[in-house]
Structure formats: C-alpha cells, structure tokens
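What follows is a pair of complexes built around subunit A, which joins subunit B in one and subunit C in the other.
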Partner chain A sequence: MRTVGRADGWAKVTGRAAYAGDVRLPGMLYAALVRSPHPHARLLRVVKDAAWSVPGVCAVLTGEDVPYGTYGRRVRDMPVLAREVVRFAGERVAAVAAHSLQAAREAARRVEVHYEPLPAVLDPEEALRPDAPRVHEAAWRYPGAVVGPDDPPNLQSRRVWQYGEDVDAVLSRCPYVFDETYTIPAAHQGYLEPHACVAWWKPDGSVEVWASNKSPHRLRAQLAACLGVPADRVRVMPVYVGGDFGGKGSPMDVPVCVALSQATGRPVKLVVDYEEDLTAANPRHSAVVRVRLGVDGEGRMQALDVRAVVDGGAYAAFKPVEHVNLNGFAEAGNTYRIRAVRIESLIAYTNTVPRGHMRSPGSLEANFAVESTVDVAARALRLDPLEFRLRNVLRTGDRGTLGEPWMEVRGEEVARAALAALREGEGAGEESTADGGRWARGVGFAFYCRAAHGGETEVELRPQPDGSVVVRVPFPDQGGGQHTVVRNVVQRELALPAEAVWVQQADTEELGTDSGVGGSRVSLTASAAAAQACAQLRERLRQEGLEGWELRAALAELARRRPGESVRAQVKVDEELWMNSFCVQAARVRVDRDTGEVRVDELVTALDVAGVLNPPSHRAQVEGGVVMGLGSALCEEVVMEDGRVVSGNLHEYRLPSVSTLPRLRVVLVPGGRGWGPYGVKPVGEMTNVAVAAAVANAVADAVGVRVRRLPISAEAVYRAMQEAGR
Partner chain B sequence: MSARTVELFVNGRRVQAPVEGAEFLAEFLRERLGLAGTKVGCGIGACGLCTVWMDGQVVSSCLVPAVVAAGRHVWTVEGLTDLAEGRVTDAPPGLPSPQLVQAVQRAFVQCEGLQCGICTPGQVWAVCALLSEEPRPSEERVREFLAGNLCRCTGYQGILRAVRQASEEWAPSEDP
Partner chain C sequence: MKTPEYVTPTTLREALELLSGAGGGEAVVWAGGTGLGPLLRRGLASPAVLLGLEKVGELGGVQPADGGLRLGATVRLRDLQRSPVVAARVPALADAAGRVGNVRVRSLATLGGHLCHADPAQDLPPVLVALGARVCLVSLRGTRVLPLEEFFVGPLQTVLSPEELLTEVWVPGESASRNTVYARFAPRSPEDYPTVGVAVSVRLDPDGVCQEARVAVGGAGPTVLRITAAEQALVGGVLAGQRIRDAAREVEAAVDPWDDSRGSAEYKRAMARVWTERVLQKLADEV
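Here is the complex of A and B:
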C-alpha cells in the first residue's frame, strides 16, 4: 500500500492552504514601507505631503507617530520605525497604508526623507575597537540587553565555553599546532515566501494578527510587550508558513502593520517584496573564525581554541536565545576527544542588516572552520583524513568536549556506513576520465554532532460525532511535517485510519503553551503530548463505560453524550536530555584545473537515527537539509558593498535548482537511543551543517588547495591554485 | 491612481476588475479576484511560485502585466483543482486531463513532493503541463523543465519522486 502522505498535503496541492499574505478582510488596506538608503544617518526631516496627495492613501507614519516601544525576541532594541537615526541601509523609516497596493507603493515612493549621513562601522572587528563609531549610544539600556556600560563599544554579545585543562598550556606542549582562519558570509534563509502579515486593531482595542511566523505564542508575547498591552489582547491566528529555516521567528514587520491598523481603524496587509526580504530582514550572521588545533605525536587531538568574531548587524532583536549568541559555536570540535577546549564567540553591532538565526545557527560556521582545520592537520601529518577523524572520534562513555555526559555517541558506526555507501557509488555516474586531465577528482568528509533539546507544547483531542478525532495543536507546520507526525501518533495510539484524524492549528487564544517550531524540538514534545492525550482519551472512554465498543463508535458516542468535550495533554521537557545525533557527510567532487569550477557529483549523508515517526517526512527533512547545505557550500552569499546588500533578488542570490543537483545518498544508521514514547531523535537541523566542510575537503583532495571562505566559488579555487602554483 | 477595467477569462469564467498602474497578473488574481492559490515569491520571474496557465502554456504570472492578460484564458491552481474534482464541464482544449491532475496532486501528497507548500501550486502546474505534453519524460527532461520552479524545502528529491509516480500512473510503461 502507498503511504497516506502528509496531513497538510491536500490543502497545499489544491491551493487551499492559506498563508498570511493570502488573507483578505473587508475594508482591508495595503501597506508599503520607506527604507533608509544609508547605513548610518541622522534623520533630519520627513515630508509627507506628496505621499498624502496620492488618491487612496489613509496613513503615512514615521517613528514619531508610533506610540509603541522597541521590540525584539530577547533584546528589545529595534524600533518599529526609525527615530532620529537610522542604523542600517534598509531600516524602516516610514510606512504608508492605502486602498490598493499600487497606491501604497506610489505614496511610499513620494515620501521625502532628509538624512545627514554619519560615519558607519561595517566590520565587526573594527566595531569592537574603542574608537569605533557607535551603532547605539547605550546598548545596555535596552530591555533584555546582555552587555554593560563597561563592555567594548558595539558589543552585542560575548560567550565563552570551556572545559578541561588550560588550552594555552596544552597548546604550548603540542608538537603540532594548526592555526587557521575561515570566513563565513551572511546568507539568507531562502524561504520562498517573503515576510507577510495582516493586522487588525479592532474597535474594542484587541488586536488580531495573521503572520508568517513559526511561533505564534511567542509572537503574541513579543507584540504585547512592544505595543504595551496585555498579552490576552493580542490574538495570533493560524496560517501556514511558507518556509522558515530560522528566519520566521520574529515579529519583523508586524508591529508597524499594527500601527497602521491602529491609525486607520482598518485591517492592513503588509507583504514585503523579495528584494526587501533579502536586503532588510534577518539573514545569517557573517563570521570570521580562527581555529587553533593542537595535535600530539600520535595524531591525537589535544587542544582546541576557537575564536569567532561575528557580525550581528544593527540590532540584536532577531535572536531568540538567552545570550543572543549563536549556540552552534559550542559544538566546535564536539565530535572528537579533546582534553582542552575553549570557544569564544563575540558578536558586534555594525551598521549592516540585523542578523538572525538560520537553520542550526552557529553550527555551520563552527563546523566549516573546525572540520576544514582537521583536514588541514590530517594532510600535514600525512594521515588519511577519515582515519585521522576516526582515531580521535568521541565514543560512547566519553565525556563530551564541554563535559556533556552523552548517553551515546555513534560516530564510528555512522562513519563506517558513510564509507561503505561511498564505495558502492564509486565510479557510478561519472563521465569517462578521458577528458584530457581537465577534471581532478576528490573525496572529502566532515563530521557533525548535535545535541537534542526539549521544549513545551500542548495537544488537544476532540472526538467528533462521525467517530473521527480533531487534533488541535498550537504550532504551525512550516514544512517540517510536525502536523503529520502528530497525526501518525494519534492514528497509531488509537488504531484509527489516517482519514479519521484531522490535525488543525489552534489560534493563541484556544491553546495555551508552545515554545514554537524551532531547534527541531517539535517532533519530540508533540509526539509525547499526542501519546499522552490519547491515553487520556482512552481513560475517558473507560469512565463512560465505552471501553468494549469499537473505537470509532465509542468516539462518536462520547461526542454525542458530551458535545464539545475534549482532552488535553501538555508536555514540558526542561531537563537536559544528554542525547545527540551524529552525521557523517561525504562529498565526491570534480574540479576543473583550468577554471577552478567545482562540480559536486555525489553527496553521501549518513545519519544516526532512533525511532522514526514518519519515514517519508524524515527522509525529506534530511534531503532538504543536504541541498540547503550545498547552497551554503557553493553559491549562497548575501553580498554587501559599503554596508548595503547588493544581492537584489533570487536571480543574484542563487538557491540550488533541480537542474544542478548532484546524486544524493542518504544512509540511515538505525539503533540509536531516542527520547519519549517513540524514542525519537530530532533531524531538522542535522544535515545542512557539514556539507560545506565536506565539499571544501573534497576540493583539497582533488587539487591540493584549501578554500577558507564560503561559498566555494570557481574564482576562489582558481586563485588558490594560482597561488599554490598548481 | 488611474484605474482601468480589464476583462479576461479566469478558470473558465469571464471576470472584470479594475487595474492600477503597473499591476501584474499575479497580484490581480490574488488581490482583485481573491484567488490566493497562486503564490508570489520573487516577483521577477526567478522562482516559479506564480506559475499559471495562459492560453495553452504555463507562464510566470508575476511577469505578465494585468492589461496584457485582457481577453486571455487564464487557469490557476483553483481551476486546476476544479478540473480534478469534476467541477469543470467545458474545459478548453489544451488543459491537462482531470485524471492527470489527480495523479499529479496525489503523487505530491504521497511522495513528500512538498513541505511548506508555498512552491507547490506552481510545481503542480508545471508538472501537469509537462506530463500533458510528454507523458513519460526522462529524468533529464524533468530537471530541465522544472529548473525555474525553485523549492527550498524538499531538496527536490520528493518532487522528482512525485513526477515519476504520476507519470507511471498516467502513462504506464509498456514493458512489464
């Protein structure tokens, strides 16, 4: 039998699934934004007359007209509309609402803004120097700030992770120390739905919001804090989210949309252009990462020192974690046994687009730098890079690099599986080697290990008179398949056919708690909550004396006897799970010796898995991640010149297309120990991380040169070959 | 803004609505007619989200000025679904057959040809158009035909599996 497929599948193939930008309300107005062309400038004067002269215009707002506070996910440092000063090119300066989109755009074009350009700081290293121009006068005053008045100017966040012996002391005793520096540029999450929202400030003072946002409950709290109203006045309505990858977790333009609605008394829709999303949303941080790796005479890693200087852009508002840092850096070197580890991540404010999270934030940056360095070390020591990794790989029973008491580490098994798959594919699909020696071939590996974390969520089951069950969940399915996972669990626990289980997203008023889709945690908490709710439902049936009944008849009877009754289960996982998942990425590439062009022929991804709740969705998550990783490796960069993003749209910011893909091979290595009733391990952020390092290592294998900057362009490889005289 | 009225045929029905300035077909369909199944990503012809059918071929509706669509026959994903679900009585020649549309939609659902779904209406249209012309395309051909329909979520593997399944179902191979 064929699989039933995704729970949200039919809504999506028929075009019925509604996203934020699809909402249309009676009397709704359309919004457009005016953005700063300057990275840093004083706002002198805004002249609105010409904008008002466009027929159909209902509001023209500047910062002074907005009665709200600043906003942010943790640190509330971002103004709804700029006041007095603009801090990055692309910052919102004014907003217009009109009866049609065309009128709104025309009016926005006619808003006249006078600026006085100020000296801008565009580089994080420079920004941290004492004499650097300040992006914020007093960043420590913002609610949630993690810096103080004595910190270097422009410091946004600093974190240090260390464990074991003193790193410098151990490094000084190592016969081999590899000191390497890598650069990772800004990148866009690449979701294809640009940010969209509809907001309605209703006459009774309550606010309804439809937004391309993956964590509705957090959005509600963030909005309430910004608007200065109690959270129960804000209601976030369920809509599908058109891709997220870490980029759709903030209020983004919702506060300004609410301001326009409050000013006009009408619902307002604001959908930004893709250009605006690329240039002025919350792309991945750019980072320069220095790695020092000490190795002893037996080829064993002894010490690792990592220092990342990271560009956080003009605001910290888009980072959701406590220290507004990038926790992925803590993973540096975590696949190996290393006695002394020290990792520092310094994030600076600069006058560039504010940065946010992208799928496994910080992980790709750390992994590219460390796994490239590991390869450099292996080659210098004349060891096979895979053999060198296996000699040092962390094993079950070892403490992690930061002292983690992992319940298991399956690196070795996973690496062997990757190698076996790679050998099987050898030679397949390659064109003949009779190409005059133009193409050099190479193979590269990279290891990756990621910890799983908990979260909290709630699931509600409502029996229906026809014997089916409606399952209400507080989180959207932004594509990760969470609704399908929940459906499958309920189906399995109650032994119901798929068509008798309907998953719906509740709005924020209906269900109370959820930490949002993120950190790949939903499959953990939601599957546990769904299983618990099913047990409770069975218990209710027993109390009603219905346990002997055929289940659908029993559900129908319960719905008839107790109309509207439901059961709810909440799950909160706040302890550390000490569970990780291991991924070994291999890449087989060809490099054109004349031009430096890199072609990836095959990607083999081996992954440690435990229970898999929905194999097709699981596989799809793995594949989607790998292709995203390929984009980071080869083509994706948000290019900035003088602080302005110049990658204008998707013709310049190139995402991988189906026509240019290599062969993908996914090898699941079952038998891992997962968490919860189904023993699951998260997968969503596993496979996009290590592709870049694997490709860089394969290029080094092919032509003997090291590319230390992403993406790995033909020019960079060509230049490196020239310098190396190859 | 000066508005003029445009009249065209959408999903078999004659429609009239005002257009303003540089309004494109995608926006016209979504905002004037409320047919929000057609999505907009890049707005410049680089992603394929806005793919619709116009007079016999699939086009990027974000590139077609609404005034240029005057008098034309346009079919969106809503019309395609009507077709598949038997609500269209006099389909114009050249539209994909209802059985093909059913096979393609089913295959996308079953093969994880979608995740977030924002690219899906465009993908479904493109695949229906391809299989309608070439029931058994090679994988090379599929990749080339779908090159303009980006998908960030799936890594394309599920989409390729869906095309294979739909093609197999729609035009079963002769050999056993």
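Here is the complex of A and C:
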C-alpha cells in the first residue's frame, strides 16, 4: 500500500501551512534592520534620536546594546549587530522594533550611522597575502576556529585531502599534463521564502523561536551558545520552511530578533525582504579552481592535483562542518581510478557577503573544474570524451580516490544508460535546421559521484482513539518531501491508509535529537527511525495482548487503555557508510555561431538508485536539481561591484524559468544497494552538480571553444569564439 | 515613507485637473504598475498622490484610424498582443507586445505606461519608432503631438511635463504598407529585457528596391535610437549582400551602449550589427 500524494500537499495548496512569516502573537512587534553600505568601515557613531521620534517605535538597538556573544554554526565569528567595525556591505548595524512594520522601516531609515571607510579586501587570493588588510584582527581566537595565529591572517580554513602516491612525482612522469583554471561565482539558493523569524523572550527568561530554519535542534544549540543560556531555555517551534537548497541552516537573523524581544518584553517578528536576502544572506562560495591532470600514453589518468582558492566572505559562521571547509571538494575526480590525488581548498575571509551552503556545497565548484578538464584532456588526446571517461571510470572493487572502500560503484552502467537515452533523443529539435548554418550543435557529458552520509533523528508514534497514528518528527519539511517519506514508511509498516497517518513536526522540547534536514540524509535516517518505531509499536500491541486484533482497532484500544502513550525510536547512522550514488548527465545544445547564444535542447540525467520511497517526490528532487544546475550553468550569478552585491532583485538575478527549460530526460538505473530497512540512497544533492560541466562540454563540442567561467553567458561564448578566430 | 493617496478620476478632464492642481510633481500616474511598482517598493519614487487611470474610459481602446491605428494609453500589452486589428495592420507590433516580460506582466502593463517608463531596453519603442508612430500629450493647456523618437530624453526620462498625460499613440496608415520586422535578443532568458532589440520597417518596390526605410534599435543607448545613416544606406537598392552589411555597419557605428548585466558595450554594439543583418535578411527573404 502506497499513497504517493504529499503529506503536506493539502495544507500548502489551501494556504494553511504555517511558515515563520505567518506566525502572529498577541502584542507582537515588527522589526527592521539598518545595514552597512560599506564593505569595510569603522563604526564611529550611531545617532538614534530621529528613529525614536517615529511613533510606535519600541526599541532601537546597536551592537553596544546587545548583551550576547557572537554566533555561528561552527565558528562563532558573527556579531548579532556590528560593533566598532563593519566587514561587509549589508552587515547589520542597528535594529528597530515597532508596533507596525511601516514604523519599523521608517525608523530604520532614520537611524543615522557615521562610518570611516577602511581599505577593503575583496579577492580571496589577495586576502591570503601577508600584507592584505585584515578582515578580523585575530580570527583564530573565535570559538570553533580551525586556524592558528601563524596562519595567513585572513584564512578561514585550509583543508587537504590526499591519497596514493606523491602527486608531483607522478605528474612529472606523465607524458600529458593538463593544467586548467576555472572560476565559479557566488549564487543565491533561490528559495521562495526570504529569511523570517519570530522570537519571544518570555517573562520567565525562556525563549521561543519560530524560524525559517531546517535544523531546529542545531538552531537551539547555536542560539543557546550565542545568548549564553542553557539549551533547555530555548525552544524552537515547528513551522514549514519555504525552500532551503542549503541556505536555511543558520541562525541568520534570529539572534537579533531575540535581542529586540528581550529589550521590549514582547514577541518580535522579522521578515527580510527579498532584496536583503539576495544581497546579505549566505550565498554559495565563489571559487577559482586550478586543476592539473596527468594522463599516460594509454589515456589512463594517473594523477590529479586540485587547488581551490575560495571566497568565504566576511564571516565563517555559516559553515557547519568541523573543518569549516566544503566537503564537495573532496569529491574532485572521485569518479575515476587515479593513482595519486591531492586536493587543497583554501577559504579566505574577504570584505564581501558571508558565504554559506548551497545544495551540495563545494561539489559544483570541484565538478565543473575537473569534468571540464577531463573533456579538455580527451579532446587533446583525440579520444571520445565519453570513451575516455569509461576507460578511467571507477568500478566496484576499486578503492576510491581517497581510499574509500566503496561497497559498489555503478558508473559504467549509469553512463551506458545515459548514452542510450541520449541516442533515443537524437534528431529531436533538429527539424528547424533551415537557419542558414546559424546553429552549431554539440553534446557533452559529465560524471558525478557522491557519498551518502548518516546522521541522527527520532520518530515518535502516538496511537489515537480513532485508530489513526500521529507521527511526530523533529525536523521540518522544507519542501523536499521529508514528511511524506515518513508517512509512507509508517503506512507500509503498519498497513494503514494514508488518512490514518498524520505527520507533525514536534518542537525541540518534545523530541530530543536530530541532525536537521541536510546532507541528503533524511530519507536514510527517518525511514530507519520510522520503521523501528513501528516495530516497537507492534511489540507494545503484543504486550497488551492485542496482536490478533485488526490493526486500527488495536491502536484505538491501546489509546483507550493507555491515554497519551507513545513509542519513540532514535537512530544514529554512521557518518561513513561507504555507499555512493552515481549520476551521469548529458547535454545536447545549440550554439549561435554569430552571437554565442547557447540553447540547451535536452538534458539527460541517468541516476543510480536503490529503493525509492515516494516516486513522485524522488522525481521532483531529480528534476528540480537538474533545473537548479541549469541555472548555475547558464544564468545565475550574484554579481558584486566594489564589494557590493548589485544583482539585488529577481530581475537582475536571473533564475531559469519554465519557458527556457530543455527536455528533461531522467533515467533511473535501479538495482543499487541502498541502506536501511528500505534500502534507500540519497537523492537531494545528486543532479544539480554536473549539469554545468555537461553544458560547457557540449558547447566545446559544438563550437570548439572552452568557457572556463560560470555562468556560460552568450557573451562569454562569443568572446571565446572571437579569440579562437571562429 | 508615507503611503501615497490613491485617486481614481473617471474622465480625462478630471485626471488632467488633478495632475495640474496637485502642484506639479506631487501626483504620479499609475497605470499597470509593473514599472512604477518596483520603484515605489525600493524607495526610488515617493509620490504623495498616485493617480490611477483605470476608470478613465477615454484612454482605452484599440481603433483603426486612417489605415493605421489609434491606440489608447491604457491598452494592456496583452490586449495589444491579441487584438485582431493590430495583427491585421501591423503584425510586428502585436508580435513584439506578445514578447514583453511574461504573461503576468503583459496582463497588467499598459502601452502608455510602457512608453512613459522609458527604459531604453524596452521592446515597443523600437517597433513603434520604425513604424513612424506619434504620441499625443495632453494637458489643460493644450495638446501636442510628437514623433515617438522625440518623446524620449534619456534613461527613465521623457519630455512629458508633470501636468501632461500621454493619451494616445498613433500608428500611421502608411506603415501598414511597409514590411516591419522586430528582433529581440535576450540570451539569458526570454523574460529578460533584451540585450539589443532591432526594428526595421521598409517599403520595397516590385523589383525589391528599397524605397523607404526606418531603422530603430533598443538597448543600445540612453533611449531608443533611430539610425538614419543605416536608413540612407538601404534606400535606393535591393536588400541584399553588401547593402545589408553596410547598413548593419552603420548601426554598429551609431549605437551608444553601456556595460550592464545584459552584456558589455562592445558586445551590444556587435550584436546590434548581427541582429540588424538578420532583420534585414528576413525582410529580404519575405519579398
């Protein structure tokens, strides 16, 4: 029995699903922020008088008024409001709470801030030079910092992954070495809901928070650390999250909202407008990635050296992992057998908007660089690019590039499926060839492989007197369908119809543990926890002597006998599962020879899958990822000038629209070995990664020029063609 | 920012009285709001009074006139796109109207608002200039009629005075006897403003010799540009080969673009040439 409709569908289409911006509390105030126009400046003086003169204003705060520490997901380097110095254009300098949003915004406009501009450092390569202006006086002193006093002053994190023989030695023995450099700009996650929160510092000193945040338990810990209170004083309440794509994992503006609430004794709501979100939230890291690939005389890859210099922006606060780097870089070249691999990622502080996670953080940066280089190598060696990849592809039984003992690798199967699908589409869209030779056509491939990761979560089942079950989970559904997946598992385990299973998000006081939505882990952890909880519930029914009963009657009887009783299952899944998923993407493009315009006619995505819990949601993850990848490939860029984001609205920041979508062909290659009771593999961060390289490779196939910077604009292709004399 | 007062006159006379009575610059006209809305939201305009035109019936309507068209200022772009009269007389205008923004924008945006917004990269100015359209500007003091190319002064600037209203656009009948083609080049997204937009309107004699030409380019200067040097290069010969290339070179030399997210100045100049060639070739092929 399986119902494929979404658990949250009805609430969303009827407008009843509550997001943080929908929360209204009695006596609630509205907040607005004052942001720095300078990328780097000393804060001389803030004059509040004119702001206070606006009727309805209840608080005007600056950094000096906030009694909390700094905050962050790992490194706690971000102030709630700037003190003494501002480090990026868009940084919060003051905050206002008032009885109406209009009054708050008017007062914020009237806050008078005096700055003394300082020299700014805007480029990560420059930032890492010893004489560069310092973004922070002593970054190594921040709690969670992974740098020391002897590191370059603007270093956020340096991480090296290596395995096998000495890379330089192997490179020096290779007859062919390809040395290439690629540039990936910042991008916005493009969620519909801008950052929003409501905070209430209650009279008893406890704090309640509703926030557009996908990891409530982590948010609670991060807030407690910032406010300097025990975690059990902070309670994060359930709300839907209106899209995430990696960008909704940080406390963002919650601490300042808490400060306003503490100052006024009232609940305070802060919803930033989309322009603020586009210019001053946590866009994707930008990077310059140098790749050296050594190949032997038989066309076999021998050595890979990758060095990324990454712009982390003014604060490291939005990176959650222990090494404060981007795990995606570790995937560089991981789809191939390579004897010697070294990958280095240097993340620098600059006076630009702080960077954060975006769907598969670091992966796109690494993949675009490496998979473009692989194509360059194939063409230089006069090998078919797909054939070259297949000659080198990692196979089951091989150790991974970093020594991973993968349980299987399905690259070859998946690539063959992609090729077959691409051949089926041949000739499509070519009817309109009466264009005087305007369009040049090409195809390009790119491979991607991603490890699955574990995490922890908890699921609670509460039998109801009507024989239904309320399922409580500690994580929100940020649009990925997490609640639906849990419902499907409970339905199957207990053989219940969909209407008898109701999934609810619990607040952080009700359930004890969760890693949050991220790292594509929820289907793994939650399906296991839900299955385990169902087994426990069946056991309880047996203990009560109800095992022979019709199930709904038994649940109703249990609820009647033991009102309020529930079962809970916690699972903790190892971080390293040695399970990966393989994705091969192929783009079929047309390039206008006179203008450089690129039209993608078809995108084939072949994906290694195991058990699929909810086929439509799985499909939506796959296709949504492809479209997101297409945005990165062709149009999306957070543009900065003199350290300020200038693509501050959705007219300038171009997301792909439905009218530009190519044919999306998805081929699921079943038979993979998944994890847990349902044998699942992650899907959320698989299909957005390799699109950019596939498109770039197809452009090279069409017109023989290589675009080494994203997005691949018509002008970039035009210039490359001009330079090549084509 | 105070919320502006929203007034909705029901006659043209009343609208003009409100415009002149408000003391010049106090009231800003609101038609579809697709251009002004974002400016208000971002605090780039903060009028005390918004004058909504939706109740002024006299300003609407698409009517045939002297073989051409009389287009009311509050005609929505979507109506322009779907009007059988427009499609019959100047199909290039219906086609261009149907490619502005997206359907949500076209359902709100009006012809008058589109022109008064005066973004140099808009689609209809080049088409209308190529068609030889004139605009009718009315105030309590009288009426003036200008060729559209004289209406624009610079980016977001027109000759319209605060008490004047653009009431009508006239497309002359003779334009219906010409062939007109507009091409918009928007490589990032069809919903984007074009990098360049090129409109050419020509009358060819039975031998294919160009008798008359009007060439206008959008997105490549402070306003839509009418390029008379290109027109001169076209008149007197058959639209083909060198003549097309010469006219396109004149366009490339005359445009005055700048760098922005839709391309560098250098690229826009080159694209103005490429798309002029393409438009002229299309006109030549249609003969």
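One rule holds in what follows: the second predicted complex is superposed on the first by the 718 of 726 C-alpha atoms of A that agree within 3 Å, B and C clash if a C-alpha of one lies under 4 Å from a C-alpha of the other, contacts with A are read in each partner's own complex, and residues count from 1 in each chain.
By definition in this document, a contact is a pair of C-beta atoms (placed from the backbone, for glycine too) under 8 Å apart; a residue touches a chain by one contact, two chains touch by 3 or more.
Just so we're clear, the structure is a prediction, and the values are computed from it rather than from any experiment.
With both structures placed on the common chain, the touch criterion links A:458 to neither subunit B nor subunit C.
Of the two partner chains, both subunit B and subunit C are touched by A:649. Judged by the touch definition given at the top, the superposed model places A:106 against both subunit B and subunit C. Number of subunit A residues touched is higher for B, counting subunit B against subunit C. When the shared chain is aligned, subunit C comes close enough to touch A:595, but subunit B does not. Once the two complexes are laid over each other on the shared chain, residue contacts for A:657 go to subunit B and to subunit C alike.
Contacts of A:192 after superposition on the shared chain: subunit B is touched, whereas subunit C is not. In the superposed model, A:713 lies in contact with subunit C only, and not with subunit B. Shared-chain residue A:635: touches subunit C; no touch with subunit B.
Note: residues 102, 105-106, 649, 651, 656-657, 659 of subunit A belong to the subunit B contact set and to the subunit C contact set alike, using the contact criterion stated above.
Across the interface of their complex, subunit A is touched by residues 1, 20-23, 27, 30-31, 34, 36-44, 46-47, 49, 76-78, 80-81, 104-106, 108-112, 114-121, 124, 142-144, 146-160 of subunit B.
Contact residues on subunit A toward subunit C in their complex (touch as defined above): 102, 105-106, 109, 275, 594-598, 634-635, 639, 647, 649, 651-652, 654, 656-657, 659-660, 713-715, 718-719. Residues 1, 3, 38, 42, 102, 185, 187-192, 195, 261, 263-264, 267, 270-271, 274 of subunit C are the ones touching subunit A in the complex.
Considering their complex, residues 2-6, 8-19, 21-22, 24, 30, 54-56, 100-103, 105-106, 190-194, 240-245, 271, 273-274, 478-481, 616-617, 619-620, 623-628, 649-651, 655-659, 661, 664 of subunit A touch subunit B.
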